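Heads up, the next two complexes both have chain A, just with different partners, chain B and then chain C.
Take a look at the complex of A and B:
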């Protein structure tokens, strides 16, 4: 009867609770166990059983470390004698041993790389964790490079990633809560925060959001990020995706919460205000005037990237009055050969730049380099000579593209490049009024956005004057001793400002 | 999703439906009027001369000068459009010039129509031309490729150097509309193949009534507002400590001045003018031993005296022409309660106004005098 039920269960989607209810017991006999497991795994070829004396070893061939299996499990057991559970536990040279009487847990563990040891007639299976290590070594972060600062990035292994964080923050207060996502992928996700710093309310908000997720597969943290965003329709990222452990550690110390997904090189940091996407960890590694300059540069670059081409189009289409006298002749001369209206010209060029960028991202690295040269020549010289675009616009568009890459967060950078298109069209249709309209619309949207139900535009809206010292500018450390109010930290002060100069 | 649709849908519809409404003025498809000059013709018509910037890489010259006749200035633009290949637009207007006849008749109607056009900046320069503006603008200058740009730069640099008073449309209209101060405009003349600024035209309300040379204009600005970096050349006699008389010529620059004008008598207007002038001695022609600090003191006194005498001359001339370019009326108006001053009343009072003037001059630097 049980068999039939299990069979039914495996063919159909049944809620997890019911599965637990039905298959919680382990059959008392190794043959039955084998049959059951074969059925659960649909007779997969890499499920292996080894039988000797009163023991049955079960594992998935590719998931475990063969060498460890031979040396520390099979090598430690003698074939001539029979064993009991405590004997096995004391004999096996594996550090991570578990006992379970739930078949579901056993199945999951085997999938993750455990070898199960079953003793004839027992109701329990001993699980020895010997997963094969097939993750890549830790390398430099590819997409977020820094000049001054640690050159270490996350890799795809959850335990490695957590251990890197633990290396930065050696305190028992660093809490690690494990969640499992994906009914089919069973992806472990770590929720990290520092107890006593992070706000309990924010943590419980995030936990609530995480518990609501019902999804069959979770392959990357970028997916999880989108699932737990406050406004899923917004174009703006509300949580930071970063591959830098130092960035995550810095966030944790400021009372933020991190999520690390197994199999993903990016960790999620939340809550993040809009302005924090323009911060880099490096800002704290260099002296404050330099950091302030770079931050202002990034903010300026953002505005430049979004509005510069639009301003060009609007000025040339509607507002010739505002063009400075010295620019009239060069602008007019470069435009007079172009057969298209300014809007079309600008959209064309922006489109070509986006094509180049996308091609550069998709092409294999070896081809990618030549792509830049070809693109540069094609756009830079040939397009102007053919009279397709004016060379002043090329400068403007290239500047805008360049400026968008100064944003430390790649997601924010690509957003900036996308958002300029609607602004461009508004400028082409309505001139400066259109640009202002687009700007206001964006601003209203930004003001309404929240990140983990905290205000997205903090510290400007709501105004938190104390946090301004570490926002657009970065003032010296003795002025930034408080944690930002955005995270509502339980411990508000980072250090004593009088002793830190 | 529904909320999103309902809030954005109307905007998107508006964008698509209304986008055809804005009038496009694409830069290379319009003729940009950069300078305009008005002459009064005999039949009481106005002749407008427009300098039009038409950008064409193939053409030898980018500018085109078009003359047209009409009753009004805007009418002349319509007439000029008949002679241009591109739609003429005045948003890039930088300089507006009037000849003496128009200026004597009154420039208000012409200045007003410029100010009323929202596309025209309030910061364009206004000037008076000795002779015909058409002649000035149409002349084929050897070394001036773009007459419009040349005029704008000429007046601009002189204004920045504080050699002439600020004559932007905004400034002129402000001094025209406030009772008790009259506008000053630069006087421009063509002389052979060059354009020169010959001084200032002084106005009574909006009518030109007299001319001042550049040196005389210095004193108008000195009393009218303040100097921050002015300069002037003065020739005057000075007695050194030995009692020897010298005739010296000095050039003083980076002049900083502040003024205090006080009304001391309300019934028969009488003003006390206190001028505090500081400057750097740039050049000194003549025999005077500057190593002796007492000589410097004497020199300062002599310069102060010279400034005072010159200022008196200029005020007398302006009083004679009945043009209050110094803004005494403003002081009067702000000192007398319920004055209810009208232009006419003030100009009557101004003619017989009395004043006392005192100049305190200080040399801040004399340079190395080895």
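Take a look at the complex of A and C:
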């Protein structure tokens, strides 16, 4: 299927009966309203109506805070008398009050946790927002830990997440645009950026992408991320998913744009170049030589992880001449009992490691530790003693797996683990030629990619020498006073380099 | 056909990337073994021949860019059309495209020759050629900016190979450079003539020029690219002269690759295995840029979409490559191509420049 057709299918309207078509206004009497709402909500059991004096209260049982309903709404309105709209507004002790005469809006608000107050004969409904707080408390980020730096992660609540960002960046320039996604889920999504820093062009590009999305359910930011990627067929992530608010704040300060989806612990940050997936916020918290060392280590780990096993297979299958004699003897000894060709041996072991990883990720934490022991010691030692694999290959594969976990971004880390399988096969079939073929193909692919229509390989290609000081290395702050050109920031300098030391 | 091309701004690239484009297309298969033929002519003074050819290349690049500068933004196809009219222009364009396809073919065949001779004697021609063509097609389809990006990474990511040229210097015998300046002018020039096959690649300027953003800076960076290439060639020539004895060098077909044989690291021996496979990255921009230029030309002249021509040329290449199997056949191909290329990249730019100049003068006279 061609790209366009797939896109068309993705963009296709999901058939959903629209609330609007049923009625556009609010009926004039409470019985009719009740009938209407029951019809809209398909007679759901948790839709409650309370009638007293000339008022009708309507809400969904589990969506609102009962305590607040009793104390601040019913408690203030119990006298036997007839109310008017202004009286109710002045009586209710709820800060977030709205009036609406559109039934669609009313239904949405009730779903989100408002109590509707209807006065007999009026064409308006007053909506008091008293949603039940069922979000968990803020905890440490589980998947992206860091030693030096704040230990705070996003939770599933959009307003909490935005407020954490606002705590980091206290400026009126921080803009928050709200989008609603999912014809069935009605998920709110916040688009965050700092006006005067972020490029207007990039923001409008992102807005355009967001408006194009027509989907019936949006449960997580990871889905949104895949929908707004430039190349949705590519295996490479083009936008960062992170659960660290400090990472998002840092990105915002550098002119990037963030998206936070309600109900998701991960926020999206874009545009992101390939290299930035290997950066961590911690690199800025430690001194620059340490940060530089760690960054170089990560880049090396990436190459090691992708190519090391493949090189072993290629060298043992085709090019044993390149192995020095001193190394050839231990290699031969350790492989002498193995009945399989190197490719099969390596694929088997890589497969076992992937199994262990996947099992470790799915199992409950208590069992997970046991799995580690079973996997690491029992399978590792037993496989060698049984003559299934060689000792040296175990070292190489373990090293590759370990190296892939040094990548700070989880999505990039899992990509690195996947991408080595095709390269492993290429190496097993065509030796170094195959590896090089895989390398060139990946390189061309990386050059093709873009992130929010900006170059993915920045700052290396197109070469922006000034940004190299904060790329594979991190030089001291007085040399990195410019924002990266990738985001085309409107305010190019972070600070005056002469005054900072 | 339009003479002046208007390229949309998001297809343009920075002028200093021309350095990498020119350098990447110049370095290719020729560098793997140019030393032998030059040495046969100029002996220990071969390095002078290399420098002569380098200087000549600088002059030719100067002329090529001057020709292009006479028009604001065009390629060789537009110039032909403008200078020689519809019919002769088309004829010249077709022959230029033929040259491009031929050089594409020669580069590909020579690289496969090296792979087969050094690493995989059993791998069939069709497999090697189609795998390379897959990369080329994928590369061309990603657009001109990515193509220039491949040239950029090809140069920067292979710089480390240069370090290992210094490795054989441990065994250098500097007396082999002496006596200096023994060769006469004719043998030096003959040596320089035989460098054609190695230095060509700068003619890519003829087709890529309209895609450069700041056209005024092209001259500077193209010249720098050529100088860098000449530096590498000269140092390779010197290292080969002092490392190999004269007789040995005359019998070594791929002297540069043989130099890598000397490298011995604690974890790796027979370094040429790594170098030759890594050479794929060096060859890739050559292939991509030649094929791109040819498909661009066909698109300009016959209005055939370049996507279709790429597939056409690729299929023809896979079929055509079956006719050049033995070493002798490849040698004959190289010989014929070198003569043809000598005309196209050294004689023809001068002629074209003169024609363009005369036409410009005549037009000015007519106007006044």
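Everything below uses one rule, namely that the second predicted complex is superposed on the first by the 479 of 501 C-alpha atoms of A that agree within 3 Å, B and C clash if a C-alpha of one lies under 4 Å from a C-alpha of the other, contacts with A are read in each partner's own complex, and residues count from 1 in each chain.
Here is the rule we go by: contacts are C-beta pairs under 8 Å (C-beta built on N, C-alpha and C of every residue); 3 or more make two chains touch, one makes a residue touch a chain.
As the structure is a prediction and not an experimental result, all values here were calculated from the model.
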| item | value |
| --- | --- |
| Three-chain arrangement built on chain A, chain B and chain C clash or fit | clash |
| Partner chain in contact with A:233 - chain B first, chain C second, else both or neither | first |
| Contacts of A:316 with chain B and chain C, given as first, second, both or neither | first |
| Chain B versus chain C as contact partner of A:215, first or second or both or neither | neither |
| Chain B versus chain C as contact partner of A:430, first or second or both or neither | both |
| Touching partner for A:443 - first (chain B), second (chain C), both, neither | second |
| Which superposed partner A:175 touches (first chain B, second chain C, both, neither) | neither |
| Partner chain(s) touched by A:335 [first = chain B, second = chain C, both, neither] | first |
| Overlapping segment of chain B (options 205-213, 295-303, 331-339 or 349-357) - the one that collides with chain C in the superposed model | 331-339 |
| Chain B and chain C footprints on chain A, overlapping residues | 318, 321, 323, 325, 430-431, 441 |
| Residues of chain A that touch chain B when the two form their complex | 233, 315-318, 320-321, 323, 325, 328-329, 331-333, 335-337, 341-342, 426, 429-431, 441 |
| Residues of chain C defined as touching chain A within the complex | 13-14, 17, 115, 119-120, 123, 128, 131, 134-135, 138-139, 142-143, 145-146, 149-150, 152-153, 156, 264, 266-271, 273-274, 277-278, 280-281, 284 |
| Touching residues (chain side chain A, partner chain C) in the complex | 318-319, 321-325, 327, 430-433, 435-437, 439-441, 443-445, 447-448, 457, 460-463 |
| Contacting residues of chain B [partner chain A, same complex] | 1, 4, 11, 15, 19, 22-28, 30, 32, 34, 53, 55-57, 62, 89, 91-92, 94, 119-121, 149, 152 |
